[in-house]
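Listed after this line are the structures, all set down as structure tokens.
Shared between the two complexes below is subunit A, which has subunit B as its partner in the first and subunit C in the second.
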Partner chain A sequence: MKSPARPYFNNSQKSVFPYLFGVVFLLALVDSWRRVGVDLPLLFERQGRENLFKFATGMFPPEHSAQFLSLMLRPSLETIQISVVGTLIAIAIGFPFGILATRNFSVGGILNEADTSGAPARYALRLSIYFASRGLLSLFRAIPEFVWAFMFVRAVGLGPFPGVLAIGIAYGGMLGKVYSEIFEAVNPRPLEALQSTGANKLQIFFYGWLPQVLPNFVSYTLYRWECAVRASAVLGLVGAGGLGQQIEISMRMFNFNEVLTILIILFAMVAAVDILSSKVRAVL
Partner chain B sequence: MIDETSGDKSVAMPWPGHEPRGGAALANWLITAGVLALFVWSYYGSDIRLDELFSREGGGQILFYIRKLFPPDLSAATLQQALRGAVETFAISFLGTLLAFAIGLSIVFFASRNLMYSGLLYEMEPSEWWRRAFRMVPYLTAKSLLNILRTIPEIVWALIFVFIVGLGPFPGTLALGFHTGGVLGKLFGEVLDDVDYQPIESLQSTGASRLQILFYGIAPQVLPQFISYTLYRWEVNIRVAAVLGFVGAGGLGQRIQIAISLFLELSAYLRRKAI
Partner chain C sequence: MSGGNHNEAEQYRLEDVGKIFPHRQIALGGVDLTVRRGEKVALIGPSGAGKTTLFRLLNLTLRPSSGRLLLDGIDVLELHGKRLRDARRKIGTIYQHHNLIPRLKVVHNVLCGRLGQWSTARSLWSLMRPGELDAAYHALKQVGIQEKIFTRTDQLSGGQQQRVAIARVLLQDPEVILADEPVSSVDPSLASAIVKLLVDISESTHKTLLVNLHSVDLALEFFPRVIGVRNGTTLFDLRPDEVSEELLEELYSGRPPESERDDIEDEEPSPPILQ
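Showing the complex of A and B:
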């Protein structure tokens, strides 16, 4: 019997699971350690120590000449611009596909009961549209934005444009999925009430569905925009414009003081965007 | 319309959505205009060339890309390589997350206000300013350390560690550990701030020391949540580890990069030949 007084120290139930888990954990640890080639002395050996020292001392003081700062202005703004347009494209992809990937909008539920009850062919068609859009969305988000950017840089050339496309597509997949989850969770009662007044599907969508989901939509989209700012700063590493490209260049040239400056700019920018979007979300 | 100045809403409650707006309308227009201006500015700044994307050449290139994706290469050698890359990615994410857990756990207790200088644990302490300042030092240090760890993206950490220890999965692991350590530190800190005070108070009333309170009152409450956050970040890190290879930090990413680069070289060569 369990003694209710000491639930944490109950040894009466002997389970093999913790031991099994421990063994698997240890095996994974050992194997990973070997596979990754963890070489801690590398950090403290002469070479590693020298590199570490070079890096740490090279960072200070951060580069702050007017020339460099004005040179950084354009990529910083570009980072913001990439994130904004990328998020817009993501909305343009995520919204329609998110709607199609919502089960109770496009396939079942009260909206479609009357349509599909006696028509298996129509039901099958809708189901296939539903699955196709779900599949497309998960394809979009399964490939990381970094890989998208890498491909688009090759397809449309260097510059901010491939970054925009990469963020638009990868985030379109994520937004679409979250949008459809928000859609699925709506309260069906207002929809039923609208339907009973004879509203058509479009009207139900605009007057029953959208008002319920819009605040969630906006706040999640803003959150994604914050992520997009970080992402667009990093995408530059594969040549897709923005600050990342400068980080890569400075890193390659071993100008660590420039790296530090760029990181400070990045930090300030991300913080500003965070504050802005949390202000907007507080209003909602 | 109801009289806004009287403030008496019980007389005529406006319909929801029809509340009198007053000066807010102008502000809304200004915000809308600002947002639209942001969109337009961003559109022109980010060098969008949609016509090029959908032009004959751009579209053809994308189609060529897609055609080349099929059929997927299922030869034994490729699969074996991909498997090796996948296992390596797993190993990087596993060790990286463990390192992050260690980093987050060792810093977070110093970065918690409730544990370091204020709140229940310090109520009884004489509030001399130097005592408080002395306690603030480790707090602020830990807090800013976590911020630094978190602000620098994984990829940049990876670049840094590739410089320090050379190419391979090891710098990727370190990069993941450092960035995620900062993230976990922040998440853990939020858990620590939400801890239930009743067990702590009852421990304190029995005369337990602060260390004892930490181990018997706080740790049992927060550890399960720490672990669940760590598992969640592990999930995220598996994705990230797959990408870190792009800057030379091992895993699947490196193989993807090699494959795409080789393919593009080849396709460029073929196109040059065709022309």
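Showing the complex of A and C:
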């Protein structure tokens, strides 16, 4: 059984690409630093110092009257709700399109070789489904959730609904992209075995593909939910409901102590989601 | 078109079949072979000779780059979509590395043999409530590990996993069984038992059986037809009593040149023997 392993992996040629990439990266870094106007001293000049100080001292002590806290209950709940429903919509978008955007599911690899060879129409159809899915996912996530929220506030009015839609679409694009990368890294051998029994693609997916990547899949989805909690707060700033709307109001009234309270609530929620997801991961 | 003068007894007919992988590696060059229904054939030869590639052509995973491969008189190049899946259903494969899904329970891995017959919805439902549990149990009993039915597959030893893979093929109930080095990761006493089990299954249900074997002894002991494969083509195709020492020496002498080695899939180390 002694044999030189992986014959055509050994003769990889030396490439200048890594060096080239390094140089370009360094130049880009220097140039960007200059252009975005990073000016650290500005932060410590009189004006900046005073404003920072005012903001920081204004935050203490955090507002903790029962009246304010009970007032925050509903927006907090709303933020959680936006993040949950938004993430569910994101999964509903990201999962199917993520599968189609997986190259070795849609066009290439062992699952398509026999089926598409000698059948150019079949191949062209799969290739276009693959690129259409990738394109759609790119579009969804290229537009920031903030901008989506803006558009949906115009379309459906203020409140949590536009926030849900914005998170659902922007995060759907991100989830789909990462799902497809997770799916692509799967071990193809069990899939080949499933295919050889005459199973169709969906059967192969649910028996061979998903079980192999389930821990990764779940943990990334939960991480995105955590991000969605934070994002739903930010979206409130453009009128999409939740705690963000309260932050905006308090900021405008210069009630920085209220802002701190809301930030604490937000921190607690994100931490709670984090604990919850680590519990789920432990089970898997 | 196909099968005009097809002989009903003929399962496979290969006419000058070649396979070239990308990077211009020649894995198979010009194989001629006919296998009749119910025949039991052992293939032997050095690793990298192209046996695994040949099996992946025979189970319709790969397509020949040249020549004609007929399954039941039909050129496999004509098979796509549903017809291709139906054809694959008739061929059960046992792989060297089991190729089970580690995170699924044994029962689901066995029931994978039924996927070709089940609808997608039924398959999904079976992941929650296993369908045809009796059949799965019966198949596992045949290979002697019925008590592992609800164990997670990655907790089984190499030998046990190979038996799960055999149970999967039993559930598939194909016309042809292809076994690619089915015993290379189990100890010798079990190896002989597994090969015997495959031969018995083939005999009792009249299934065509092709087995790649590392062990020449097992091939000569259990199979009425032995084919020697070397450098991507057949060196001999004989009854076991006709296979001489000189032929075996020629079969295994010298290593094939690098460029004619099998694809990388062959080259991973076998899992440790835990039996």
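The rule is simple: the second predicted complex is superposed on the first by the 228 of 284 C-alpha atoms of A that agree within 3 Å, B and C clash if a C-alpha of one lies under 4 Å from a C-alpha of the other, contacts with A are read in each partner's own complex, and residues count from 1 in each chain.
The rule we apply is simple: a contact is a pair of C-beta atoms (placed from the backbone, for glycine too) under 8 Å apart; a residue touches a chain by one contact, two chains touch by 3 or more.
Owing to the predicted nature of the structure, the values given are computational and were not obtained by experimental measurement.
Considering only the touch criterion stated at the top, classify A:199 as touching first (subunit B), second (subunit C), both, or neither.
The answer is second: A:199 touches subunit C but not subunit B.
For A:266, select first, second, both or neither according to whether it touches subunit B, subunit C, the two together, or no partner.
So A:266 only meets subunit B here.
Under the stated touch criterion, name the partner, subunit B or subunit C, that contacts more residues in subunit A.
The larger set of subunit A residues in touch belongs to B.
By the touch definition at the top of the document, which applies to A:44: first (subunit B), second (subunit C), both, or neither?
Neither: A:44 stays clear of subunit B and subunit C.
Examine A:19 and indicate which partner it touches, taking first as subunit B and second as subunit C; both and neither are also allowed.
A:19 contacts neither subunit B nor subunit C.
Between subunit B (first) and subunit C (second), which does A:131 come into contact with in this model arrangement: first, second, both, or neither?
neither
Please indicate which partner A:82 is in contact with in the superposed arrangement: first for subunit B, second for subunit C, both, or neither.
Once the two structures are laid over each other on A, A:82 reaches subunit B alone.
Of the residues on subunit A, which ones does subunit B touch that subunit C also touches?
8
In the complex formed with subunit A, which residues of subunit B make contact?
Its residues touching subunit A are 38-39, 41-43, 45-49, 52-53, 58, 61-62, 65, 87-88, 90-92, 94-95, 98, 151-153, 155-156, 159-160, 163-166, 168-170, 172-173, 220, 239, 242-243, 246-247, 250, 253, 256-257, 260, 264.
Within the complex, which stretch of subunit C touches subunit A?
Listed in rising order, the residues are 23, 25, 47-48, 59-63, 76-77, 79-81, 84-93, 95, 97, 99-104, 108, 112-113, 115-118, 120, 123-124, 127, 165, 168, 172, 184, 214, 255, 258, 261, 264-265, 267-268, 270.
Write out the stretch or stretches of subunit A touching subunit C in their complex.
The contact residues of subunit A facing subunit C are 1, 3-9, 110, 113-115, 117-119, 122, 189-190, 192-200, 202-204, 206-208, 211-212, 214.
So in the complex, which bits of subunit A are touching subunit B?
So the residues of subunit A in touch with subunit B come to 8, 28-29, 31-33, 35-39, 42-43, 48, 51-52, 55, 77-78, 80-82, 84-85, 88, 144, 146-147, 150-151, 154-156, 159-161, 163-165, 230, 233-234, 237-238, 241, 244, 247-248, 251, 259, 263, 266-267, 270.
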